[in-house]
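Below are two complexes that have subunit A in common, paired first with subunit B and then with subunit C.
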Partner chain A sequence: MNALLEQFLLESRDLIAEGTRGLIALERSPEDGELVVGVFRVFHTLKGSSGVFGIQPMTRMLHAAEDMLAAIRDGRTPIDPALIDTLLECLDQTARWLDDLEVRDGLSDDADGMAAGLIRRLRGDDAAATAPPDAPEFDDPGIFSEAERSAAIEALRGQAEGTSIFRVVYQPDPRCFFNGDDPLKLIAGLPGLAALRISPQGDWPALETLDPFRCDMRIDALAIGEEAAIRHAFRLVADQVRIAEVPLRALSPQLSPGPKSDDIVGAVLAEQRLLLASTDTPPGEVAGRWGSAAAAAANALRYEGGNGHAAAVAAALAEAVERHDPSPLFRALDQAVQGRQSPGTAAASQSAPSAPASRSLRVEEQRVDRLFALVGEMIVAKNTLGWLAGRTAEAAGAGDIVRPLRDLHALVERLTRDMHDAVVRIRMVPVGQVFDRFPRLVRDLSLRLGKPVDLLVEGEGTSADKTVVEALFEPLLHLVRNSLDHGIEPPEMRRGAGKPERATVTLRAFHAGDRVVVEVSDDGGGIDIAAVGRKAVDSRVLGEDELGALSEAETARLIFAPGLSTMDETSDLSGRGVGMAAVRMAIERIGGAVGVETVRHRGTTIRLELPLTLALLRIVTVSARGRRFGVPLDVVAETIRLSDDRIRRIRGRAAFTWREQVVPLHPLGRILELPEARDPLSGSGGDRLVLVVDAGGGGGFFGLEVDGIGDRLEVALRPMDGLLGNIPAYLGTTLQGDGQVLLILNPKELPP
Partner chain B sequence: MTVRLADGVIVLEGDCPVDEAEALLDLLLANPNAPVDWTACDQLHTSVVQVLIVARRSIRGEPGDAFLRRWIVPHIHLP
Partner chain C sequence: MADRPASPRILIVDDGSLIRLYYRETLEAAGFEVAEAINGIEALEKVLSERFDLAIVDINMPKMNGMSFLRALRGQQGEAAALPALVISSEAGERDAAAARAAGANFYLVKPVTPADLALHAAVLTGMLA
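Coming up: the complex of A and B.
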């Protein structure tokens, strides 16, 4: 893929996200002029960039959408949900086309039809008559002279925002004189007439055979103004007129008949020049527009190695902004164009100081992932080195090699840790990447459920490791759906409770120490804690007496227990009974924890606490029935030896007393149903080795009996994926120093 | 009368509505060498302009109306 297309795809996807946000906000605040201008700018930019790649259906569709937004901006068209829907669909379709473009360098075969369909929907029925969807592109600039075209472009400069050049083709009905039509009078009343051609529809007849009452004319015109005004002038003969905005490029005399298709840099430069000349820039955006034109031009120049020109353009931008005058930019662009045509003379004129170019770099994800994997392997190698150093120390007569080997191990350990940190930092992305998908989702869901809901997003700039952020989407999706479906009451019920009909769901992210916290809050009905408790007892998650011992907060946490759903009916949105347990497991799998706060009739907050990075995990290796496993050290409260006489039987279960509490004891081998080792050395006598594990989340402690305890290691955890990803007992795997795979247990999920 | 023949010249005056087109056509056909003077012309209906374009007759003077001067003259003053 060429670099320009790549850039276009990246930027367009950002723009689509921005446009989606804007449209959704606009639906809520239709009066907000800035929002309209923002969305208009998104469509305008998308349309403009798409022009460079010759993807006509997309350009046409975006153009129609832009027209619609211009009409909204000028107060000619009201905003309604149907229109927002269509505009959102235009963005969806654009996103699909971008995917097509990325995969196969072209649009899908049905692109024309899709575009035409959306254009028809955008224009609505009555506008469809005035502007048939088959309105041709402006492809015959030659009908007007070069002088007329230049004059039109000049006349456009200095016009108000929203002004463009329109091509008008008026073919009056031959019998129009009988209807009282006077076509030229309509033309005379046209605002901003810039060129006019009168020609016969066929050939002019001889004077002798001329029927003076038959109109034989075809009128071609260029008009400068706002589309609405131009269409208004022809409203009575709309069926005889075709009106289309003319891309400046098509008129520009220097470029006619257009740059060669292989000169992409030239095309980009020309595009930027036209962008600077265009007048539809709101005053507040002028500097931004210049900036983006200069940046695009500079990028294109750098792309072909013209760093000097690129720097000159950047310098000219600074000058232009300072003087509030774009002419330095025009000059720089023109010089760059000339310099490209005569490369020999180019270098001499480059005395401009090199501008401080942006130092950020866009790198493919896979490359960073590769780096991450390599660092993971280095950590394994480092651990091997430590193991080797240990072995050497045991060997006799190696005294003088042990110390340098240990020093080296310490150095490599520090270096790999720093390196891991550095790579992890590269992978930090803002959670906004995930949050961005929700405004649209909430809007659609809220319409479907008939519950008006506002989504508030806070802290979208909070960053965390890419894997953590990506893993957030599904749990958040579940939580947000849950909030809308079950949490938020129907509007009439809210009204009855004295709450605003419009509910609020908040997505919030913030850093707390070395964790990132993501919360989903709603101001809905809250969780019926008593019902959760009853349900838990009914589903045999716990006994009646156990429930009685739980505090309210602990009872609320039961929603995360497997096999428990408080809603009896299921919907297609959520409530399949595994929801919250699945959320908890997904979050714990990436080393996070879940929590819930709920107040009846006030709302519910689900809190996800996640590691900022997939940092190195400190584990201790244990063995059971001849197999080795890793246990994360952060859940191990203590490692103890238990003599048999300290173990008691309580209701048929083994337990022991630890720090004045009764702790159940589970042998790891039995939990995992491992086959008995052939030579059960341990367990036959002496003390038992027990890890006291904090099950977390109010679940208390339990003892994990193992046969042996080995090294403490720092490892890079590889999450399980595929089928294995659904086994809750394991957090993931890591490679050991000897090359074997070590399974890392998820102790919180272990007790049967 | 807004279209009339005076001293061998076809004169257009004031507003020339659609029904003047036939009168103009008749005068042009009847006087194949008569030039057209539109100095006093304020407005021409499209049908009248069409007759003038097809006639390719030499035209005298400049009409008072700005639209005619700027946009129609180039179509009628044939080289």
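Coming up: the complex of A and C.
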């Protein structure tokens, strides 16, 4: 992609986010003049840059929106939610168009129609009649070859003023032959015909149903001439013809990219300095030259928002002219150049739409991902080195080499770990990236539900690994929808309960140790814990007696159990009974944990605890029925050998006693339904190998029976994606030293 | 924002109608107001009777070429003499840029200029987006 377009996309997306925030704030405080000016500037800048790229529907639409905002600014139009809605939609549409531009270098076919529709809505329906009448897709000359288009441009050269290239689409009436029309003769007689395409209007019918007396064609043409002359040629069939002037740019072959435009302002300033420095100027031209140099420099500075420097240059000009000495101008220019290079001093740019000037580098995501993947491979190689060192130690007569090999392994291990940490740090992004999407969502939801809600966002600068932050959106969306839909009471109920009608939902993020905590709180009705318990028993999530043994907090946690919903009816917004379980699974998949705190009539807080980074995972390899798997060591409480006589049958299920508690025993091969191998070991009367696994979430322990236990390894986990991403039994995969892929189990999800 | 006219005015000075059309299309789409002159004499008449924010000037033109126009412009009395001028010429080379500068040009671009570059330079030289 062209670097300029890339920059345009980047900045425009920032502007859209800024504009969305501004509009939502404006809806709340319509009297805030600064907000209006801020939003106006966003639309103005977007329009300006879209014009630079010749994206006409976008420019037209943004122009109309800008007019509307000017009217608001000048007090000619009041702000109402419908208008805010339309302006937000303009930004949404702009965002979609930017996506189109990014993937296929052009707008979608319906762009003109979309723009016209939004413009009509911006101006109110009464202005509909004055909307641009031009049909969409129409001025796109893309169906003509580049050679035809170049020839048309060539033919236009040397034509009289007022001559243009016109696009003609002629779709003759199917019964035109009976009216005495001859479309081909008509088009052949078109003055200045430059390119022609004839095609059927739709698919051809089968031969036996084809009606040869029916005219089924569409004629596309380019014609060079004056509009009146071209219209005249079609005067008898005017209702079947569309004619529009083609913007020359649309016909031009792709122009080669010009000079690097990164720092036009800098180049312009430098050029003015050269202009001022030239010595052989006739005396009569000096004032004009200095004046033009000062004007050009001041404009360039103003373009960047450096109004202070611009004013200084203008003042220096007066002084220079008075003293017949350009040095004040040189000084002012040099100061301006310095001011640009060290922002923060003097007049820093007020208009730069970029994020606060932190000294950061924008790097393409793929590059960092590539680095991350490479480090992952290095860890694999490092593990292979460890394995090799081990083999060498076993081999006889290798005494001298074992020690340096082990040292080297230790060094490489340290280096890869540091490198992994460093890369992981690059991948840290603020959770604000995800939080930013919620003000808009909450606004729209709250309007739809008729529940006024304020969204508070705290700690949006808290950062975590990109994967973690990206994986947060869906769960947070679930939680916020739940809060608005089920948590927050209707306004009349809140009034009755003595609460403020306007509810508050808070998104909060903070660091706690090596974890990042993200909370969604509402001041709604809280969760009916008794109802959750009843529902859990009804849904056979647990038995009546088991429920009795649970504390309130433990009962509340049951909302995360699969197959449980406390809502009797589902709505289109949320609640199909899988919501909270899905949230829990999504969070656990990235190594996190969920929690809930709720107080009846006071509100609910859902707490997500997430790893800060995807650090290296320590695993132990196990085998079952001839296959190898990895088990994260952090869930393994102990590895034990069990003789058969310690295994008891309790209600038909195998269990054993471990640290004075009864622990169920599950063979891994059976859980995963692996095909029965010859199974040479377990029948041989030896002890069974069992990992005692902490099921987490107060679920107690269980024993995982395996056929063999292998190495302990440190691995870079690759989360599963695509279809496999939905299998809860696996956390992900990792590459082994021998190049094989090892599946890492998620033992918390294993018991059947 | 309020004290400056919303659309800067640009005078295109070029004898090629195709070029003028192309510049006009591009600049108008970018929000500029555009007037045209086909040679230096016509351009001089225009800048002395109307207010402009920028002149975009070709070098090779009949009757009065770009260099002569710029010298004549800079020699005028009054505000018009200080009109910023952007020279866009098909002559690439440092010598031509220097010659344009010597005649009083404020910036120099070599054809072909992409729409984006044209609009950006016009915006910078007129201080448009501030």
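Assume the second predicted complex is superposed on the first by the 504 of 752 C-alpha atoms of A that agree within 3 Å, B and C clash if a C-alpha of one lies under 4 Å from a C-alpha of the other, contacts with A are read in each partner's own complex, and residues count from 1 in each chain.
What we mean here is this: contacts are C-beta pairs under 8 Å (C-beta built on N, C-alpha and C of every residue); 3 or more make two chains touch, one makes a residue touch a chain.
Note that the structure is predicted; figures quoted are calculated from it, not measured.
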Subunit B versus subunit C as contact partner of A:217, first or second or both or neither: first
Comparing the two partners subunit B and subunit C, which touches a greater set of residues in subunit A: C
Which of subunit B and subunit C A:271 touches, first, second, both or neither: second
Partner chain(s) touched by A:653 [first = subunit B, second = subunit C, both, neither]: neither
Subunit B versus subunit C as contact partner of A:207, first or second or both or neither: first
Which of subunit B and subunit C A:323 touches, first, second, both or neither: neither
Subunit A-facing residues of subunit B, complex: 18, 21-22, 24-25, 28-29, 43-47, 49-51, 53-55, 67, 71-72, 75
Complex contact set, residues of subunit A against subunit B: 172, 177, 180-185, 187-188, 193, 196, 198, 204-208, 210, 212-213, 215-217
Residues of subunit C defined as touching subunit A within the complex: 1, 16-18, 21-22, 25-26, 29-31, 53, 71, 73-76, 79, 81-85, 101-102, 104-110, 112-117, 119-121, 123-130
Touch list for subunit A against partner subunit C, complex: 4, 37, 41, 44-45, 47-48, 51-54, 56, 59, 153, 156-159, 161, 164, 247-249, 252, 255-259, 261, 264-265, 267-268, 271-272, 274-275, 278, 280, 282, 284-285, 287-296, 298-305, 307, 310, 351
